[in-house]
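Take a look at this one; I'll ask things after.
In this document, chain identifiers A, B, C and D correspond to the written order of the chains, with residue numbering beginning at 1 in each.
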Amino acid sequence: MEKDRVQAFSDGVIAILITIMILELKVPRGVDLAALRPLVPALFTYVLSFVFLGIYWNNHHHLLHATERVNGGILWANLHLLFWLSLIPFTTGWMGENHFAPLPTAVYGVVLLLAGLAYQLLQSAIVAHQGAESRLREAVGKDVKGKISVGSYVLAIPLAFASCWISLALYVFVALLWLVPDRRIESKWRE
Amino acid sequence: MEKDRVQAFSDGVIAILITIMILELKVPRGVDLAALRPLVPALFTYVLSFVFLGIYWNNHHHLLHATERVNGGILWANLHLLFWLSLIPFTTGWMGENHFAPLPTAVYGVVLLLAGLAYQLLQSAIVAHQGAESRLREAVGKDVKGKISVGSYVLAIPLAFASCWISLALYVFVALLWLVPDRRIESKWRE
Amino acid sequence: MEKDRVQAFSDGVIAILITIMILELKVPRGVDLAALRPLVPALFTYVLSFVFLGIYWNNHHHLLHATERVNGGILWANLHLLFWLSLIPFTTGWMGENHFAPLPTAVYGVVLLLAGLAYQLLQSAIVAHQGAESRLREAVGKDVKGKISVGSYVLAIPLAFASCWISLALYVFVALLWLVPDRRIESKWRE
Amino acid sequence: MEKDRVQAFSDGVIAILITIMILELKVPRGVDLAALRPLVPALFTYVLSFVFLGIYWNNHHHLLHATERVNGGILWANLHLLFWLSLIPFTTGWMGENHFAPLPTAVYGVVLLLAGLAYQLLQSAIVAHQGAESRLREAVGKDVKGKISVGSYVLAIPLAFASCWISLALYVFVALLWLVPDRRIESKWRE
């Protein structure tokens, strides 16, 4: 099984997800600034989810780049990741439209957490398939970033019921963690 | 006619179908657990349809992999398959929103049945085009899985009017049949 | 400018159009056969438009296959074609939801007519770019099918105000004209 | 990092954006010409945005054609551009449905302006990555067209509150600036 079609299919799904989210941003009825104001949280959530999907696309790209061949297990691990990513437009819409109410903010984190775990599952499936001399295992290292992300989600989910701002801060922190391209930090964390 | 563009087009359509289904999952008005509860059947249906489309994408991949060239007949057999697959988001929405009412549950099975038959038609068109020494005919064998699937749909459709749970169990059974990667069973069934 | 990306972009747009049409098929509220009945004209229109877009994808494939290189003019002629095709989901929804009322049925034909003319414009742009020894000019020949199609649309548009069935019969006739794979007829018409 | 997947992903996103805009064109209830009349501004806006996205796709194509390799910075500059482009269906819907009310018309320009600046940022990131002997820097030259576009948007945004027609005229002017294929003018402006 060649990896090309897996890559093309994943690219397609992520490209569609990143763009259909915008359909949740309903065109307002009014034509003044007051009509735009209720959209601010929705727009902020959209930006956040756009960045998350961008990070996943980027990392997915690197992951498959380090992969030579795929088997049935990897294929389904990949579809499993795409499944959780496909729920992001839904949780984005729910959290954004309800101005960061506790439950939607927690559920947003649950989907991010499950997507994060699905990504690690996919990573493990590829490492296992590559066997003892896996190039990928070396590149991934201890995967400190991945672990910090999962830990942040686990914290953010219950904290959403205390204060949505803490949860949002944690989501933004995870996004920045992957965005900031400081390679020294990155290589340190990967040791 | 090269098969590349047929593959790319089919990938595109399936990737879009698998993601627009999520648009049927309407963002709820409320922000408590009670607001999520009516979504449970819709979410379950979404998962089921996601898996079915994933299976079709996977099998379609293998099918075209064993194909060297395509003609006009194969092209239209492929579009015919994509047509029935394109109705899955509609039946998914109808069945999920109506909590597995008899008719939507039966119609869900009708579309799966017609997609299944369209797949076998495509398969036959490719085998016929490859002629006497078709690599694909050998690989497909007696296609026991395909026949069990069609039989299950034929059973599930009328049974939806007796009990939707029997029909759903049959749909889940077919999905598992294709998902479970037990290769010994698979090779046996293909004899 | 390579033609690969033009092909990929066009494939993407047509694949999306063919699938978003299904979003116009609104999930009905009821769960009995009576709930499905008003959908019949919408479903019929969907099938018709699916076939038309399938034909365009197919012909577009052949057209670009016979093209070596593209220039700015061809690129915009291609986007012009995609523009008219992009209106098909709109006219499909309007005609289908209104059970073939005169104006929507006529407008459906207007968009098909303009898409047809856009296709011939694209064809001419490619022939002109290829110069005197154009492979494509020979393949296209007198383009009898194209002319019959345009003529049928021109007839169908005003006739929609007399009887929608005549217009629909003409649309179906054009679709069959391109679908039926009788190569002897095809080669005759191309002489 | 190969540029192929960046290209494919961008093509996918732009193809989706150009087609989901049509979903904002709501199927009218009525079946007479009066039902179509309120759609005229929406349709005009759709055409304008279709042309803008077509221009971006075209220019993006040329930009990446002149690029050999991409790094993390270029990748995110590209996603940043796609982000602003992804807001075009929203502003298109808002301006079109409100018949060019001042604020929506200004916001339409704001998004075009930010997309334009994002494009120049991407351009600069690629030039910087290519170093002293950048092929692209030469091709871009003084980028007079880009500067005129940005200037036109900066004018159009406040003027929307005086008269929407001036702003619209400026948007159309920018679109024509990039559409008209007069190469002598183009090469002059690039000096």
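Heads up, the rule we're going with is that contacts are C-beta pairs under 8 Å (C-beta built on N, C-alpha and C of every residue); 3 or more make two chains touch, one makes a residue touch a chain.
Model, not experiment: these values are computed from the prediction.
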item: Chains touching both subunit C and subunit D; value: none
item: Equivalent interface positions on subunit A and subunit B, same or different at half; value: different
item: C-alpha-based rotation, subunit A on subunit C, 0 to 180 degrees, nearest 5; value: 180
item: Chain centre separation (subunit B, subunit D; CA means) in Å; value: 38
item: Centroid spacing, where centroids are CA-atom means, of subunit A and subunit D in whole angstrom; value: 27
item: Contacts with 2+ other chains: residues of subunit C; value: 8, 12, 16, 20, 23
item: Contact graph of the chains (line, ring, star, complete, other); value: ring
item: Touching residues on subunit A, where the partner in the complex is subunit D; value: 7-8, 11-12, 14-16, 18-20, 22-23, 25, 27-28, 31-33, 36, 47, 50, 54, 57-58, 61, 65, 179, 181
item: Subunit D-touching residues of subunit C, taken from the complex the two chains share; value: 1, 5, 8-9, 12-13, 16-17, 20, 23-24, 72-73, 75-76, 79, 82-83, 86-87, 89-90, 93-94, 97-98, 101-104, 107
